[in-house]
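The structures considered in this document are given below.
Here chain A shows up in two complexes: once beside chain B, once beside chain C.
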Partner chain A sequence: MPVEIIEPGLATSIQDLGRQGFYNVGIPPSGAVDRYAAIAANILVGNGSGEAVFESTYMGPKLCFTEPSVVAVTGAQAPVFINGTAAPSWESLQVAAGDVLSFGIFTGGARIYIAVAGGLNVPIVLGSRSHYALGAIGGFKGRNLLAGDSIPIGQLAGTPGRAVPEDMRPVHSREVDVRIVLGLYDFRLSENGLSALIDKPWQLTTVADRIGFRYAGNTLEWVPREQPFGAGSDPSNITDAPYPVGSIQVPAGTEPIILHRDAVSGGGYAQVGTVISADMDLVGQSSPGTKTRFRPVSIDEALDARKKYMDRQRKLIQLW
Partner chain B sequence: MAIHEVQSPIPGIFYRRPSPDQPEFFNIGDTVSAGDTIGLVEVMKQFAEIKAGADGVITAFHVDSEAIIGPGDLIASIQTGA
Partner chain C sequence: MSATSMETSRYTWGADEHLVVQLSESMSLRANFQAMAIGSDLKAQNIAGITDIYPGNASFLVRFNPDEIDPYEVEKIVRAAEMRVADGAVRGIETRICEVPVWYNDPYTNETGSRFRDRHQAPDMTDLEFAAAQNNLPSVEAFIEAHAGAPWITSMLGFVAGLPWFFQMVPQERQLQVPKYVRPRTDTPKQTIGHGGCFSAIYSVRGAGGYQMFGITPVPIYDPENKLPDFAETMIFFRPGDIVKFRAIDEPEYRAIEAAVEARTYRYKQAPVSFVLEEYEASPDLYNEKLIGALNAS
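Right, the complex of A and B next:
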């Protein structure tokens, strides 16, 4: 039944579409940071779109199947191998007992998603199977996978031979435009500060994980102010406020951090903007060194982009 | 004579020293064995060892220490014997 982890890669965890409804008490949504890819992997193998899958960052794991199964790999561009022989991604593949799934060096993107027919059958915690590292809950035993782990799989024969059409497979670039809505605290930036944020490119640093993505390259200038009651002394400090997923904070004005799906729910840094929900997958597939421009859009444009993104998801789910 | 090219499997910061106060693992002209560590790549607070991957002599490093590298980037060239 189970899938055995021979090598875990750098950071492989189990994620579904997330844990909704607890951010107000500090439990973030978690779930796949590239939702489109996780949904695609699931529907390829015949699962519902929200089953738990493997999410591997920067490097694939090496897995062994202990019984015949159907598997699909999506997300980052990476060579896929079954028993050392090249196999396609974005397609569902029949595997036999004893088959070993492994990966080559990623050529684009940061995270691959591996779905197995029947889903990864780990316990549901607060409504989700997603692993949340800081809280040490969900996923497999509340942690990332280690060599020797044996992951239980749900019962489902699966559907080999499906392929997502080429034009529905995102290709990941080392140069991206990320759309943001400015605010709530962009008024804290001077004109030069705002220009440095949106007119100049940033580079993703190596400090990038499911919690946050930290960028470098420019320095933001703030409007002088009198330190408000309850705020820290750094110009980027505010009186504590909630943080939306996707919000951008800039401690000391030097390194913008985009909060992703494992982020804390609040704190004392000014959020100068928020990445629109339609572009959060794109952020999640950025790897260190990715040249990134933050492009401001209106709320209406953000809502329109969200509608188009949801249409793309729906089109994917309706393929089969 | 053949050249073995050492690639980084992951993105991150490349280091040629095991720690800031120690010398480089190897320098150009040094002889290495396949299992020798010639550098480190740091990402997500983890350090991955980059192995030579072949016996031979290091002829070049293609990235500077502390540079950000991408997956598949060329790190070093090793001239293999025979």
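Right, the complex of A and C next:
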């Protein structure tokens, strides 16, 4: 019944749509970095949208099925193979006992999602099956997958032969606009600092994981001032405070970091804005080197974008 | 939105899922108590669509699901809570005082520190020597005495799972202040006692960190497998408002406690206490003595 991990890839973990209610003790939401792709993979195989799936970064794993099952791959553009023969992504596929699922080199995007009919049946921790690496909880034994792991699967026959229509499959570009709502401690930036943030492009560095995405390219200037008591001496320091998920902090003013779904929940760096919820998947599919522009929008525009994003999710769920 | 409410608090959106309220730019016990009280007020209302209520040192964050609740409605609710707390002058808490044994100047954090001197503002000094000098104290021993002398209050949790921030219960002129590392380390031993700005912290897990390292405790503060009796109902030991007294220990005692933790028999020394801000402010040292007396009587 289980799926055997032959090769884990670079970083493969088990994620559902995350947990809530524990951010105040430092436990972030976690969950699939690209929620749309994770939901699509689940819907394809006949699961509910929130079952646990595999999330693999930059490189796919090699998996072996120990009994007939239905599987689907979504997310980053990556060649899919079953027993070495090319197979389509964004479609649900019937596999037989002993079949091996493997992947080629990603050609766009950063993360693939692999859903198996019945869902990955790991224990629920604090309301979710999602792995949170810093806290060593959730997923499979509180860690990323290793060769030789055997992952239990829930009972479900599955639905082979489904395909997400082409126009509903995001194509990942090396050049993206990410919408942000300015605020938080943006008043600490000088006019030049703000302009460097939003008028010039940034490049995603190789420091990009479930916790945060670090960008380089420009330097931000702060308004000089006497630091308040408790804040620390650097002008980018604040009295340690909670960080919104998606917020952009700029330690020392040089490299903005977008916190993602495994965010560190708080700290002492000034944040200058927050990525809107509708663009978190887009950030999550950025690979190192991706040219990124931060485009400020109002809170109402952010809410409107979220409605459109949720409509796309709904349309996906209503396909079958 | 950059409108100000009340005197100095500042409301700001963290995009479409978060509202952040900065009560004060500088740290104080009053701002911290206000954050905690607003958090409790909101929590008690149990509002559908508000998923996380997160009081910080001098600010707080509310996370919501805008599909379930209008963000402007969230703002209204939070402003009303802030108003109630200000009017009600919530200035005391029922809490507990807990002892944390610390092996200061230990070989583990010293070894880690020595690997990252290129990221430190004073590469020729240890973190403790640097901290003593920054606070005009004559020696490392005098610094440790100040650190382990007066108690601290848990003013916030987070960064990573279960990590507590501590704010020392002494007048501002006696607060220990040390800058963070120039560039953060990529490694910190689990259960390191760290310090940055005016805050001390215990690193709950091994990992990156920018706080100066002073010592290590043998006692877990994060126990996801609920192995120790004090973690029977929670994987996280500290709660906001917990008062903490550090006690300097030597290597033999460190080893003995380590063995008790391994045997799953270790119990935290702790006692319930009431904390009244105004009484503390009237005479901090006397008030602290009373609190420590309650701990030692437990």
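As a working rule, the second predicted complex is superposed on the first by the 320 of 320 C-alpha atoms of A that agree within 3 Å, B and C clash if a C-alpha of one lies under 4 Å from a C-alpha of the other, contacts with A are read in each partner's own complex, and residues count from 1 in each chain.
Definition applied: a contact is a pair of C-beta atoms (placed from the backbone, for glycine too) under 8 Å apart; a residue touches a chain by one contact, two chains touch by 3 or more.
The structure presented is a predicted model; accordingly, all values stated were derived computationally and were not measured.
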Inset, instruction - Answer with first, second, both or neither: which of chain B and chain C does A:V245 touch in the superposed model? - result: second
Inset, instruction - Decide which partner touches more residues of chain A, taking chain B and chain C as the two options. - result: C
Legend entry - Partner chain(s) touched by A:F106 [first = chain B, second = chain C, both, neither]: first
Legend entry - Which of chain B and chain C A:L134 touches, first, second, both or neither: second
Inset, instruction - Once the structures are superposed on A, label A:I198 by its partner contacts, choosing first (chain B), second (chain C), both or neither. - result: neither
Inset, instruction - Figure out whether A:L303 sits in contact with chain B (first) or chain C (second), or with both, or with neither. - result: second
Inset, instruction - Would you check which partner chain A:F229 touches, where first means chain B only, second means chain C only, and both and neither mean what they say? - result: second
Inset, instruction - Could you pull out which residues of chain A sit against chain B in one structure and against chain C in the other? - result: none
Inset, instruction - Please name which positions on chain A make contact with chain C in the complex. - result: 20-27, 125, 132, 134-137, 142, 180-181, 183-184, 187, 228-234, 237-247, 251-252, 264-268, 271, 273-278, 299, 302-303, 306, 310
Inset, instruction - Please give the residue numbers of chain B that touch chain A in the complex, ascending. - result: 7, 9-13, 42-44, 46, 48, 68-72
Legend entry - Contacting residues of chain C [partner chain A, same complex]: 1-2, 12-18, 20, 22, 24-28, 39, 51-61, 63, 66-67, 71, 156-163, 165, 167, 172, 175, 179-180, 183-184, 196-199, 204-205, 207, 222, 224, 235-236
Legend entry - Residue ranges of chain A in contact with chain B within the complex: 10-11, 57-59, 105-107, 110, 174, 203, 205-206, 208-209, 287-289
